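There are two complexes below, and they share subunit A, which is joined by subunit B in the first and by subunit C in the second.
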Partner chain A sequence: MSVETQQTGGGRFPSWIGQYLRDHLLLAVIVVLFAVYPFLYDFLTGQFGLTAQMILPRTRTMLTILALGLFAMSFDFISGYTGYLSFGHAAFFGIGAYFVVLGHNGQLPVVPAETSFMLLLLIGALVAVIAAFLIGLISFRLSGVYFAMITLGIAEMMYVASNNWGFLTPGTSDPTEGVAAGSPTDVGFFEPMVGVPFVEALQVEIGPFGDESILGISVGDPQIVSYLAIGAVVLLCYLMMKRIIHSPFGRVMIAIRENEERAKAIGYNVFYYKMGAFMISAFFGAVAGALFVGYEGAIDPTNSFFFLVTGFALVAAIIGGLGTLAGPFFGYIFLEGVEEFLSREGSGGGLQPFLEQNLPGAILDTDIAGLTINEALSAFMTGHGDFYAGIIFIIFVLYVPIGMLGTLRNRYGTDSLAKYVSAGVEKRLPSSDGETAATGDDD
Partner chain B sequence: MLRTNRLTKRFGGITATDEVTFELGDKLTSIIGPNGAGKTTFFNLLTGALTPTEGTVELKKDGGWVDITGMDTHETAQMGIHRSYQITNVFPTTSVLENVRVAAQAHGSNSVRFWRNVNNFDEHYEEAYGILDRVGLADKAEVPAENLSHGEKRQLEVGIALAGDPDVLLLDEPNAGVSSEDIDAVKAIIEDVATDHAVLLVEHNMDIVMDVSERIVVLNQGAVIADDKPENIQGDPDVQEAYLGGYEAGDLEARRQDTAASQGSGTEPDGGGLA
Partner chain C sequence: MIDALTPLALAETVDLLTSPSDITGVLIEGLAKGSLYLMIAVGLTLIFGLMDVINFAHGAFTMYGAYIAGVAVLALGVGSMGFIGSLGTFLIIMIVVFVLLAVLGVIFEVTLIRKLYEYPTIFMILLTFGITITMEELMRMIVEFRDINNGQWDIGWDSPRQATLPSELGGTIEIGFLNFTGLQLMQILMGVGVVVGIWAFLNKTRYGLFVRAGVEDEEMAKALGIDINRTFTAVFAVGSGLAGMAGVMLMWDPLWDVNVPLALAVLLPAFVIVIVGGLGSFKGTVVASFLVGLIDALGTWAFQTGVITFTDIDQLMIFAILVVMLILRPRGLFGVKGQGDHG
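Now for the complex of A and B:
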């Protein structure tokens, strides 16, 4: 890309912004869609009621997806691009999450209580980078399934520790039930501010009781403000990871995935590159954990260090496309969407409330083999989203092994979907200023 | 360019490379020898994929000899010793261009620049295009490497080794499995790269060896048994012994009679084991 050389345009913005947007049209459209999603959701559910509620995930669910989707992307960053399955990636999520909570509660050495959220997020991520370095020293001696097992073993050790270590919850409850930020009586409330550190105007308080306006615009709902603020951080992290993937360093990561022996033979000290990639992915994994806590305000071992946290990231990555950076994020939306679709009324609505309202009672009460249809729905579908997600996962592994984004990419050019879209639009619109076609670095 | 001194590698009781003292100069040199003679082991010792049991490997750098014994493969590659592989060993799903480009990028410090887009580094693209031209793959630049034909993969194999302008090229059977129509293309590449690199070639196809080599080294059971010009190698009795196990016309017939005669008597028929 040669955007740096095009800063000559007039108007309010330098011309490279326009060029960048044209090159990244698909990204821009998707970002805008995500940004308006909460409003769209309110509008559509107002218009179409249960039908929309059935299909669309709630804003609350989307908030979880943002944090866990970022985690899945960080998992894919190391696993999909270097081929080293980081099966203990939950360790970094946990470190990021616990660091924010413990840091706020003043339980960490050096870090004073009530340190600002953004600072805790950054320091926690750096702690995760150090942890990744130490884990890497041990685990990169091996490859393949042995690498995965060592990282998993270390994460499980952290899980056990987080379940039993009284330090985490001094004098109060059982560590298995987790810790909440601001729980000790001598510590102030947890009021996480997200935004540019030290710039008051560019920060908002997230959380269920956070700000109701963002950048001076009132949206009336702290949940939406949190969604937008966390979304902005996730977008920034995505762009940073993408930048790295498309750098010379990222190309070496891919070369290692493709053929580590040859990568070594052409002169790369692959250990350094694997270690670097692992540390970078740990950084973003910890940011995801911190963002998760930012809204939830509390964390427990099962939602952080537990191996299923990595397991879901892996499932999301495979459904979305391992080795496509954005794929795992969309995979996560898909997973959570299925789960919510089949959830009970009152926690997002879904299939059953919709059927109850739209099918005549006679059908629902029809008796088949001793169960009415309604009862059968309750017994076999509602609340069993994980089960059906599992089936979908198996189908994906069997028939779409490269995932949703991988399939799309293969179909529309091997390089990137965004290029395809930008080039397609360019072709239809006569180029007004004669600038060359898209040479974006999107994926 | 490259020399070894009493280079030895033992695997348990087997001596795969046996006190090889050898110097590679500017002449295109081939290593031949029967299967199991230790040709690939010798290559692996030169690049550092294997650590020698005894002996040294030295590389000429800026007029002086540098001891590179015990260096890892990535270090010898950085020093300027590149190799191609007998069994195609490329980056399968990335494009042909990227295969060579990433190899070109390995030299210099650009690979750690994770904050800049790879397209800003034109020098690697230019080098890669130049190499693709040279090995005859310029029109396949965008094809994923796994979609190439076998012969083209062999060309790419050499192309990757060429990136980064090595001082010494070790080519391990570049013609392995190549169909007879494609052999000339690979042969032309070997001759071309030998013009500006020190080339050490392992090859089984004797027509090619006799044709392109200026010097031939014969290995048998890990040891050098002959080192001479091609025309002298052909007539060397030791070489014939190594390849044919002392077979001379009529041997088989004679042996069969020996075996028949010695049946029941318990005496072993004498005869060198055929390789």
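Now for the complex of A and C:
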């Protein structure tokens, strides 16, 4: 998408841009919302203080959500669309993440130290594609539970290996503690540049000490710059995946999910399609891992190769809607939102700090069965977001198995909400070609 | 892994492998480990065989069993009871845990799992995975709140275990060149007991007949007037109870810890065994448990003697078995085509 504002036909832009924007109005609105979110957050917390802090996730959290949300989308790409539950998807996330770190540290053969971040991201993703090919050769002979288990087994092997393999952390440190980019003294500082490779003006340095301006506009906070830059990559990945799903290739993926035997009978070589889908999803999974490392600067086995990384992508996918692509992303926002809502002060301002400030002390210290309310809060709510996320997840599985986005789509009777919104707008607009009602934004 | 092999001469390795005390040591260790694995995995297999439910909450049940048993042995002071007294108390704790977790299993089956029988298998994975997350986090809350293990949910419990383990079980027994600890003997006996018990349940009781009928053909069993729902509930209860019993056994084993991550640490090998043996096959699970136990023991032995210097070699090998097995025999040792596939 490109920057453009209201303009009439015959201007500098060809008219299809207007048409495209009108067809993707909802997407544009959501992208704009995401782009202004950090500013909105600052504004709202300035205005409403702790109330806004309690409800809204911080920009820092949103950064994590971007990377892990992309991972959840890549998980949905294979699991939701072909029906093959890739239970070891964390393997690709880990490959992408570790590749960036090791590549920067110069530990990989062929790849020189301090290769640029975007290049490492791409090569790492291609390595993940190759890994997916090899894993697929073994696992696509099976289906159902067996497929889920063999992918899980392979990912767990990688997890155990990454926990013990001294190669990952040269020197004396323990591999379970993870590895940071730029940790050996002879390697330069990790300065990941995100943007178009080889075009200086279109690149920004991400990370907590990165650039403070993007595209020449000063934002003042490296966190927001990272957020926008990573967001742009995530958006691009999303659009690419969406495009693939809407292509004939994607239709065959859905056909495999609905009835593999019939797809085979029609004459499709389902193996190629499954393998292709698996490799594509591995690509984006690895990109997510690389983006995660891009901001964090370090990775350890527990937040890359571990089974629960896949597990939470699965939870997000179910809450958001399996097989909706965008759904898992929103599911992740929801999941992290719950987590942060129940966090302690100093890590985002959740429910407890809010209550402490706004309820009179007498209520908080009320004694119920030998336990004050405040104590009960810190024992059973604060820091235990996973518990409530788990319960919400169970409720979703039981009563809303198609997830939030799936439910919305069912309700409005279209296969995408964007179409519904665009159709609504179309009805109200005078039918001329050049007018656009939407404002796109380059995220 | 490439540089994990130390330059130990081949002759030396062969020499180690052919010494009788090493061979029997590895064998006994393997049998003991296999018995533990069997206890972990057998409940999973029973539940899957009848209900087609991949129970991801299985590990959480084991973890709860281990915690209950750990707290109980500490509270009752089992270590200071003498050999017979502590062993008796241990067995009573095991039965109590079995009953408690069976009740918990019944509650889950009736309120949650029953609702999803008509759905694809994948929904069972999702549901039980949700139950796992919730159960783990609940235990974390309790541990922090009640200050168990100093409120740490992720540290080991080496010293309390040694305090409660009777010295007769901890010590080594030597018969000729056979060398084993009392604990290993107890584990093997337990494993054999579980195999015999389940076999008898399936083949000698009326309920076992219902279960086998349900596995064979659910529709037909229903048509013949078997209350298949009640059978499901019973099997889920037995499976959950067995998971808890396995937790009680793990509590005294030096290689396992009583902590929250135990749930996943148990769950993954259990899956491997169930898949390697063939989903839903009791015979397969028994064979696969001992296979995995032996290979695990061999890996540990190789690490201890310095043939391989890779710390978690046993874990790596467990998953390697899974992958190799699925390449060679996609449906496991005794698997049936159609079981656990798509749709």
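In this section, the second predicted complex is superposed on the first by the 421 of 443 C-alpha atoms of A that agree within 3 Å, B and C clash if a C-alpha of one lies under 4 Å from a C-alpha of the other, contacts with A are read in each partner's own complex, and residues count from 1 in each chain.
Just so we're on the same page, a contact is a pair of C-beta atoms (placed from the backbone, for glycine too) under 8 Å apart; a residue touches a chain by one contact, two chains touch by 3 or more.
Everything quoted here is computed from the prediction, not taken from an experiment.
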Quiz item: Since both structures carry subunit A, what do subunit B and subunit C do when superposed there: clash or fit?
Solution: fit
Quiz prompt | Which superposed partner A:Ala255 touches (first subunit B, second subunit C, both, neither) | solution = first
Quiz item: Can A:Phe209 be said to touch subunit B (first), subunit C (second), both, or neither?
Solution: neither
Quiz item: Which partner, subunit B or subunit C, is in contact with more residues of subunit A?
Solution: C
Practice problem: Quick one: classify A:Asn164 as touching subunit B (first), subunit C (second), both or neither. | Solution: second
Self-check item: subunit B versus subunit C as contact partner of A:Phe39, first or second or both or neither
Solution: neither
Quiz item: Is A:Pro401 in contact with subunit B, with subunit C, with both, or with neither (first, second, both, neither)?
Solution: second
Self-check item: subunit B versus subunit C as contact partner of A:His246, first or second or both or neither
Solution: first
Quiz item: Looking at the overlay, what does A:Ile266 touch: subunit B (first), subunit C (second), both, or neither?
Solution: first
Exercise. Write the angle, vertex at the C-alpha centre of subunit A, between the C-alpha centres of subunit B and subunit C, to the nearest 10 degrees.
Key: 70
Exercise. Kindly classify A:Phe48 by the partners it touches after superposition: subunit B alone (first), subunit C alone (second), both, or neither?
Key: neither
Quiz prompt | Lowest C-alpha to C-alpha distance for subunit C against subunit B (Å) | solution = 12
Quiz item: Can you list the residues of subunit A that touch subunit B in one structure and subunit C in the other?
Solution: none
Quiz item: Tell me, which parts of subunit A touch subunit B in their complex?
Solution: 1, 243-244, 246-252, 254-255, 258-259, 261-270, 273, 276, 280, 414, 439, 441
Quiz item: In the complex formed with subunit A, which residues of subunit C make contact?
Solution: 1-3, 54, 112, 115-116, 119, 121-123, 125-127, 129-134, 136-138, 140-141, 144-145, 264, 268, 271-272, 275, 279, 310-312, 315-316, 319-320, 322-323, 326-327, 330-331, 340-343
Quiz item: Once bound in the complex, which stretches of subunit B touch subunit A?
Solution: 47, 49, 72-75, 77-78, 82-83, 85, 89-95, 98, 101-103, 105-107, 110-121, 124, 144, 160-161, 163-164
Practice problem: Show which residues of subunit A lie in contact with subunit C when the two form their complex. | Solution: 83, 85, 138-139, 141-146, 148-150, 152-154, 156-157, 160-161, 163-167, 260, 307-308, 311, 314-315, 318, 379-380, 384, 386-387, 389-391, 393-394, 397-398, 401
